[in-house]
Amino acid sequence: MFVTGRIFALGMLVVIWVFILGGMELAKRAMPTFRKLAGLDALPEMVGRAAETGKPVHFTTGLGELNTNMASQLVAGLSVLAYVSELCARDGVRIVYSVYQSQVMPLATELMKAAYTSAGKPEDFDAEDQVRYMSGEQFAYASAVQGFAERERPAANIMIGPFYAESMLFAETFYRIGSIQLAGTARGYQIPFFAVVCDYLLIAEEIYAAGAYLSKDPILAGSIRGQDVGKLLALVMMIVGIILTALGSSALINLLKM
Amino acid sequence: MVKESKTIWDRLEDIPREVLYGILIISFIMPMLFPIGFPVPISPEVQRWYNTIDNLPSGSVIMVDFGYSGGGEPELGPMAVAVYHHIFKKGGIKVVAMSTSNEGTLLFDKAIAEINPSQYGKQYGVDYIHIGYITGTESAMAAVGKSIRATTTTDYKGTPLDQYSIMNGVNEAKDFALLICYTTGGDQSEGWVRQWYTTYQTPYLCAVLAMMVPTMLPYQKAGQIVSLVSGAQAGQMELLVHVPARGIKSADVITITHLLCIALVVVGNIAYFGKKFSGGKQ
Amino acid sequence: MADFATIIQIWLAALFTIWIYSIAFRDNVFFKFAEHTFVGAAAGHSLVMGVDNILRIGWGNFIGGNYIYIIVFVLGVLLFTRYHSNYYWVSRFPLAVLVGIGVGLMMRTTVTSEFIAQIQSTAGMKLLGVDTWTAFSNLVFIIITLSVVYYFIFTFPKVHGGKLGIISTIAKYGMMAAFGYSFANTVLSRFNMIFGRFDFIMNTWLPLPYAMIALPVALILLIYAMIPAERRPWPKTQK
Amino acid sequence: MSIVFKRTLPIVIVFATALLFILEFFVTIPGIDFKSAATTVNNWGIILTAFTLAFGAVNLFIFQGRHILRRTKGQWPFSLWMLIVIVIFIVIGVSSGVSSGQYTWLYSASYFALSATVYSSLGFYMTSGIYRALRAKNIESGLLLIVGIIALARNAPAVAAGLPIIIPWEAWISAVPTTSAQRGIMIGAALGALALGIRTMIGRETGFLGKLTEAEKGG
């Protein structure tokens, strides 16, 4: 009936399935509380600095498309964009979003307009100036963003989404012109560059948490809750396993191999 | 606005990038013009890779994935070439190649031209073959693992597989004693762990770009990969196989340019701390 | 001596290489040309390889007696309805098959290869009965792995409160060390790639006749192209 | 009805297809041949993916075509050239085959050289990044810097040969802190991937459906 050697894995898959669905159901009733994310906490300060200097804030969500497996990172980036837009509207700071995906333009415009409206300043929002389609090609996009950075010298630069080889290019350019930077991506190869250059960092899964927290979407927040329970389970299994191994028993390891 | 006078530390920090690039280009060109022949130590992973192939029983069949793109060719090409030399020198091993990268078949041709298999008396279709680029990455791995012939009936040139003697009795993952993947993509290097090691426990050797090594390390630690090397270690493989080529040639350049990087970090930090301690805080 | 076609190929490849590198200094028209060639070539090549698969694998199976493949061809063509403003939804059916395969293949093995196998490997690390250095290394390994998993727990804020905050700090230190290592490895990768191109320029292109003359000419043209139009000494542009 | 057909049915297809692959892997039920069903669907997937490889070119034709029609200043000649390149690749690739000498020539002269160069050009930015940004600002960045320098030194073959002490240092950094931190990230990411898979299967992640009408969004 069950394939030997894969029984535990199947059981685990079912358990995780239950965690995720359960998390979503519970989140529909009450949103889970999130821990502090250092990167997000820095945002008001970053916007405040832009207000002092009178320079704009720059935002990018990197590459990737909404209909691929990069969509969830892109969506997380857009949630942060909405939040930052509201902060900027409140402090009277101009925020410019550089767009790579033409399909994201209308969505981002809506999000930003809503943010300005909820800050009580819908008249301050100028879509044409603030939502800029740069290019749909990686390096053309990168050089357009670089050009923007050098012309307008934004006080802050925020990069959240799926980033590829352009990550280093952006981070270095904005560092050079003195922008304070927050960056986050779940693409493992690019995190080190952001870690080296940027002032604040959202590491890997943190961007999903940030997106879920800011968007207050019960599906995403509940899904993260379910994953958290999965992580707790992983921790328990590892600790029990290490203790058993130290005691000379391989009971847990044999169970995992079932 | 008051014009601030620049301190030496400011100047040091603000070296224009064109100057930095210039220095970098020079440090690439000089060792190429005047080769030094620095020594290259062999690392344990490369040795383990070499031993794995060396210990294969005669008659084994290996699956090789040319999963790299042209961008990574300078790094992974020399590794692929050196390993083919080793396999052909050892003899008695059949190599079936496929590609999960859409440039793979073209890069296979490049590698084979460099290897010149006829010097070892090896023939296409008898000792080695390429069954083509197959789209879908993980779907391709899973499909080929189940049945090669249900997936593709021809090699990369369009000739039916059954016309080649190498394919006699070779059709699924269980027929392969070893899996080797050269790749520039995480989907490939990780995909083979999922679709072949996890499913069929095929021993797996993986060569990736140096920058991908860290994310792949947990697989090696968990025993899912026998040996994980970076293409940058091709020079070491060439030394073990006694066929010095492109990999070893880069040793001088890599040494000089890395020394430059270390120097840049040191100078950059001196400038940073110099500015900090000379009261140049903003 | 290489034949004429090969010489042209080398010249083209060499010029493209120089033009692409020029972006490191400044944007210019040669870079733009090379970049557009690159994007076009990538798209064209990808399409050609797709056709190769459809013909070699799909068609091959079809004429081999697997007539059910006609359904796949129809589904494949339906994928292109995504470009139609009214019938775009038709493309969802073949796309759903693709997404389903991807999700199924990923889920069934990820749970083993990236979750259970990693837990198993960590659980099997020995702290007793090994030499001191190994025990110490294993201890550090276990502490970092556990604290990094712990760090990524988001919805139980209490586990990060008070003194427990130290766990996240350890996790961050561990990850920073890992990122430093990755960074250095990326330098190695990129420099190897640069070496590959320089090697090509110096040992394949420059030995060809006239290449030594062409190189400085190409560089001067590039520098000229990098100067903004209004500041060029010639031709004078009207303001 | 229409929404069910346009929105729900694709999700049902996703669910059923994914479930087939999951069942094939984990269970054997006498009388039901999951394996041959999965093999067939798997091979279908390969052909379907081959069709999607044309999307890039089609997108470019639509997008760059607009530049050409509008004669966008400073852009349209490049757009035209890009489309010409695509056509050249298609004509040569399809007429003489991908393993032909002509196609290999075309590939080596353009795409191969270009992609190798484009990705290597990042090495330049990294150099200035190293110089300007790799600073020991606090403990975290200090740690990153020290590990980075040791790894850089080890990666330089001659430095490692002349200063063999760094070989075990680097090996330890690689085997202990790097592997363990990456493993922690991997365990978290695996759960994230599984959660994404589950959300896709139950129709809570609908990016692949493309644009949704207002009525479909409400569904």
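Worth pointing out:
Lettered A, B, C and D in written order, each chain numbered from 1.
In this section, a contact is a pair of C-beta atoms (placed from the backbone, for glycine too) under 8 Å apart; a residue touches a chain by one contact, two chains touch by 3 or more.
Because the structure is predicted, anything quoted here is derived from the model rather than measured.
Both subunit C and subunit D are touched by A, B. When chain centres are defined as mean Cα coordinates, B lies farthest from subunit A. Here the chain pair with the top count of touching C-beta pairs is C-D. The mean-CA centres of subunit B and subunit D are about 18 angstrom from one another, to the nearest whole unit. Computed from the mean C-alpha positions, the centre of subunit A lies at a distance of 18 Å from the centre of subunit D.
Centre to centre, using the average C-alpha position, subunit B and subunit C are separated by 14 Å.
Contact with two or more other chains is made by residues 23-24, 35, 39, 45-46, 49-50, 52-53, 57, 61, 101-102, 105-112, 114-115, 118-122, 142, 145-146, 149, 152, 175-176, 178-183, 185-188, 190-191, 193-194, 196-197 of subunit C. For subunit D, residues that reach two or more other chains under the stated contact definition are 22, 25-26, 42-43, 45-46, 49-50, 53, 59, 97-98, 107-108, 111-113, 115-116, 118-120, 122-126, 128, 130, 132, 134, 141, 144-145, 148-149, 152, 155, 174-175, 178-179, 182-183, 185-189, 191, 194, 198, 208-211. Shared contact sites, meaning residues of subunit A that touch two or more other chains, fall at 6, 9, 13, 16, 69, 139, 176, 188-189, 193, 195-196, 203-205, 224, 231, 234.
Residue ranges of subunit B in contact with subunit C, taken from their complex: 17-18, 21, 28-29, 32-33, 71-75, 102-103, 132-136, 138-139, 142, 151-154, 158, 190, 193-195, 197-199, 209-211, 213-215, 218-219, 221-224, 230-232, 246, 249-250, 253-254, 257-258, 261. On the subunit D side of its complex with subunit A, the touching residues are 22, 25-29, 59, 63, 118-119, 122, 125-126, 128-129, 132-134, 141, 144, 148, 185, 187-189, 191-192, 194-196, 198-199, 202, 204-205, 207-211.
The touching residues of subunit B, when paired with subunit D in their complex, are 13, 15, 17, 20-21, 24, 36, 38-41, 43-44, 69-74, 102-103, 105-106, 109, 134-136, 139-140, 142-143, 146-147, 150-151, 156-158, 199, 210, 213-215, 217-218, 220-221, 232, 235, 251-252, 254-255, 258-262, 264-265, 267-269, 272. Residue ranges of subunit D in contact with subunit B, taken from their complex: 25, 35, 38-39, 42-43, 45-46, 49-50, 53, 97-99, 104, 107-108, 111-113, 115-116, 118-120, 123-124, 127-128, 130-132, 134-136, 145, 148-149, 152-153, 155-161, 164, 167, 171, 174-175, 178-179, 182-183, 186.
Within the complex formed with subunit D, the residues of subunit C that make contact are 5-6, 8-9, 12-14, 16-17, 20-21, 23-24, 32-54, 57-58, 61, 68-69, 71-73, 75-77, 79-80, 82-83, 88-89, 91-101, 103-111, 114-115, 118-119, 121-122, 137, 140-149, 151-152, 171-188, 190-191, 193-194, 196-197, 200.
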